[in-house]
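Order of writing sets the chain letters: A, B, C and D. Residues in each chain are counted from 1.
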Amino acid sequence: MSSLKTRIAKLELETPLLTASGTFGFGDEYASLMNLEGLGGLVVKTITLLPRSGNPPPRLVETPAGMLNAIGLQNPGLQHFLEKELPLLQNLHIPLILSIAGETEEEYAALAEALEGCTGIAALELNLSCPNVKKGGILFGTDIVLLGSLVEKVRAHWTGTLIAKLTPNVTDVVHLAHAAARGGADVIAAINTIRGMVIDITKRRPLLGNRFGGLSGPAVRPVAVKIVYDLYEAIKLPIIGMGGIMNTNDALQFIMAGASAVAVGTGNFVEPRTIPQITAGLKEYMEKSGIKDLHELVGAAHES
Amino acid sequence: MKQCQALVQEINEVSSYFYCLTLEEPYLAQTAQPGQFLHLRVGNGIAPLLRRPFSVAGTSPATGTIRLLFRRVGAGTELLSCLRKGDWLDCLGPLGTPFSAVGKDPAVLLAGGAGVAPLLFLGESMLNAGKNVHLFYGAADAKALLPVDRFLSPGVLIHFATEDGSVGEHGNLSDVFKLALDKGLAPGELFACGPLPLLRVLANENRRWVLPMQVSLEENMACGVGACQGCAVLIKKDGETLYKRVCREGPVFNSSEVVW
Amino acid sequence: MSSLKTRIAKLELETPLLTASGTFGFGDEYASLMNLEGLGGLVVKTITLLPRSGNPPPRLVETPAGMLNAIGLQNPGLQHFLEKELPLLQNLHIPLILSIAGETEEEYAALAEALEGCTGIAALELNLSCPNVKKGGILFGTDIVLLGSLVEKVRAHWTGTLIAKLTPNVTDVVHLAHAAARGGADVIAAINTIRGMVIDITKRRPLLGNRFGGLSGPAVRPVAVKIVYDLYEAIKLPIIGMGGIMNTNDALQFIMAGASAVAVGTGNFVEPRTIPQITAGLKEYMEKSGIKDLHELVGAAHES
Amino acid sequence: MKQCQALVQEINEVSSYFYCLTLEEPYLAQTAQPGQFLHLRVGNGIAPLLRRPFSVAGTSPATGTIRLLFRRVGAGTELLSCLRKGDWLDCLGPLGTPFSAVGKDPAVLLAGGAGVAPLLFLGESMLNAGKNVHLFYGAADAKALLPVDRFLSPGVLIHFATEDGSVGEHGNLSDVFKLALDKGLAPGELFACGPLPLLRVLANENRRWVLPMQVSLEENMACGVGACQGCAVLIKKDGETLYKRVCREGPVFNSSEVVW
């Protein structure tokens, strides 16, 4: 019997299949389409300290083998989450990973502080693709100093597993992963979306209300696989890989590149049962190949 | 709401670029309400990538069939148009919040172009509920006009408008409708679907008419089930504005609540 | 009558359609499939001072709506180019743009020096996606200091139009464009390929002989359009836009985003007549829309 | 070499996953030589993106038709397999350097799996030129085996090998061929096409046999016409190694020059 169990830092998962933040809401929308308890873990959409109304529409557009989104982190804010969403989520018997974001270090820290001690939160994921309003709008995730300091501040308030989710829009992701590790992150997640734009040639202006957005889906998969591969060579932390995973073979690419767990984002929109399908597919692959433990495959592409 | 595999029972080109697709899927046929839509998987899931939303244009609960009307405008609808009898189609549905008949008789349906699809379903169901129904239906020219009478039981009063005057009244839909009002038509409530500019004009005029008016809106969609927040439109409620989801709180909104 | 004429710095082009370096060889392979003189200009594959044998196979693989390549700059070197290829190219009555690369500043400078004064070379394009062997393998195109200094050195030996072709694999392309401008570049070309990788899950190792490669094709188009848009807002130099252009509408997106000329790369492989088709399509679009001069469209997406 | 629109005249599944595609295109039919290939545009040019190369498996210059044999292995060949009579197919061709018959009689063709396609064309043309031809053709089992006799005129001596022994000799192709050598077959020259491991074994054995041996190689392709350098294979010549293009200098190479 092959085991799909995997471990990311202190977190034990029954399967390596997670939802990618922002693509699965708080889980309830997909509850009627699948058994949520078959997920390896649920990463909910990013929450912020205060509610955010998000960007003006259109917020998304399809691109070749991908899509751009500019949701603008619409979410009901921490209080509403704690009062209305968390109690429902606590009833699910799967690890819950909370994604948080802020416009200042203090906001991230305040979120961590408020969440520390809440039951039912298995890990915190830092969405680092946010501009630091105090530092002239530089993204936390693109600057080594900002990133390191931010992770450190959050670490001071959060004792559980801490995931730093990296943006691919940088010259050298590895440097940023090192900074996150030094700051105290336990796990690296990669990748968030790649910035992109579509021009509406009829209106002669950017199509999205926010002008630009983040690219996801199969189109970005080769970029994501390369980043996971590079991270695996450079750092010791476990990696959650994502970017364009649509089926079992895609997930295997990430695992062999070095991911201990993988997340499905855009794939959920195309086929809501992507995660259960991959879960079954991985099991079948492992049994056919005589692999008992998923860890035998993690990073397998590096061995030769 | 379910994920279903529907069987293509029939597909026809009913006017230029317009297709009528009949699917066999009892659950959808029995549960779909006017204004709701299906989210269809077209192609192999790479390009086109995302599902495509289409309003339900009619159902036959008895035979377990459901009808869509769609215009071929891009890669996704191109693939849909190539379906053949006997093919399977992966559908999520029924999705979204339906129309609700709240007002007085007669109900007036205002349809521009492909926007006629959900209104045919609505018209038929109101007719069955014993209401008086008028359909104003506008298109660029005769070629673009759907043979709507084929999709409606006798009883709905149909008014055509074409921009070149080739069929029905000459002019755009809102002008033709205004003429009918001038001539004495007294609608109890309005239901509109079509291109945004048309809906804007109608909503604006309705500030004078002050009739109950529901509109069905479109926005680019990813999940279709309310999870991604991608299909937001700006809504005003109690003096505040906030984004609502076309796929969940919509596609039907109260015209007076939409920030046009 | 609408005119497709465009100007990039001192260079007047009959049409804005160029070939992307490395995708059209030295032009001869495509000569039997189309009239080369209908091209706005021919950008030949990158040449280096000495011949280069290139990377081990496999050198390319298809990805969703794109492809990865790792050719490794295989080329016959400067001497062979001057003796065998240039004379043939000089017979074509279209602008010839020469792409060059080196492993040191000195190599780039030596190439510029050798080419200065050669008849029939309309412009030099610097391929900056090459590692600087002296500086520990950092790519010229990812470091502001390396890039600025390199452009300056080349500028000292080359009096004609000088194009800096930027890599998208950086945190901030605009900074690099500024550095190129300060160094003396006349034109910015963007984008080169995005680094990526495919894992061969059967062999459990990276599929390409070089392990990773550069992503091109429709998949990268939104990323490229965004970069061109940002460059247009930030710098005064004319821009050559490229990345996933397959048809007239794609080309229009780049032009409206701010490109004065566009290049077709991967598109040539799919449809060798992509450039003539877009040339006709642009003309038709302009005539339908009552646009006399292509420059009316350049950057049109910024106006509102 | 030209870009042509070829008309699909016939398409059949000839064994499991194997299709025979007959195209009407007089220029291709009249100019293609054994060993050359066509570069086909499959799908809409987004996904699958690149063209796909297929060896010419036979031509009828008189009727202006050309034949391909392909195995369905992925998205591109899946789309090809859905072509119907009357469809048009965009082809670049004929491409590459053909086989050249240089050696003595008999010529022996060594084909593994889909590698049989170019060798059928070669066998037929050598037969017509009055040569004696043997074809050794191997596959996993009977199901995977093409009915090659349907694509060859009588006269070519066919030896089957299947790994499960269900048809012809039991064993892999190189073993079956070696057995024939042991029994006295004395080839004048060898032509091989098939999976790389098979070609490697044959090339290695040929260091003992020292027969003239040409192989047709495969490599991932983008342009197909020699412009992108994407399809390189390592070749040794005069003590030096260098990369050559499968699409231009190949796909046919002298076995002794390939760095295996």
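The working rule: a residue touches a chain if its C-beta (ideal position, glycine included) is under 8 Å from a C-beta of that chain, and two chains touch if they have at least 3 such contacts.
Model, not experiment: these values are computed from the prediction.
Undergrad: Chains in contact with chain A and with chain D: which ones?
TA: Common contact partners of chain A and chain D, which must touch each of the two, are B, C.
Undergrad: Which chains does chain A share as contact partners with chain B?
TA: Common contact partners of chain A and chain B, which must touch each of the two, are C, D.
Undergrad: With chain centres taken as the means of their Cα atoms, state the distance from chain B to chain D in Å.
TA: A distance of 54 Å separates the two centres.
Undergrad: Where the centres are mean C-alpha positions, what is the separation of chain B from chain C, in Å?
TA: From the centre of chain B to the centre of chain C is 46 Å.
Undergrad: Using mean CA coordinates as chain centres, what's the gap between chain A and chain C in Å?
TA: 34
Undergrad: Centre to centre, by mean C-alpha position, how many angstrom separate chain C and chain D?
TA: 36
Undergrad: Name the residues of chain A that each touch 2 or more other chains.
TA: Within chain A, residues 64-66, 217-218 contact more than one other chain.
Undergrad: Hunt down the residues of chain B that sit against at least two other chains at once, touch-wise.
TA: 46-47
Undergrad: Taking the touch definition from the header, please name the shape of the chain graph: line, ring, star, complete or other.
TA: Complete.
Undergrad: Flag every residue of chain D that touches chain B in the complex, lowest number first.
TA: Per the stated touch rule, the residues are 44, 46-47, 75.
Undergrad: Provide the residue numbers of chain C that touch chain A in the complex, in ascending order.
TA: Listed in rising order, the residues of chain C that touch chain A are 63-66, 68, 142, 169-172, 194-199, 201, 204-206, 211-212, 215, 217-223, 225-226, 229, 244, 249, 252-253, 256-257, 300-301, 303-304.
Undergrad: What residues of chain A sit close enough to touch chain B in their complex?
TA: Per the stated touch rule, the residues are 22-25, 29-30, 32-33, 45, 53-54, 56-62, 64-67, 69, 71, 74, 217-218, 246, 266, 268-273.
Undergrad: Name, in rising order, each residue of chain D that touches chain C in their complex.
TA: 1-3, 41, 45-51, 90, 92, 219-234, 242-243, 248
Undergrad: Under the definition above, what is the set of chain C residues touching chain B in their complex?
TA: Residue list for chain C touching chain B: 64-65.
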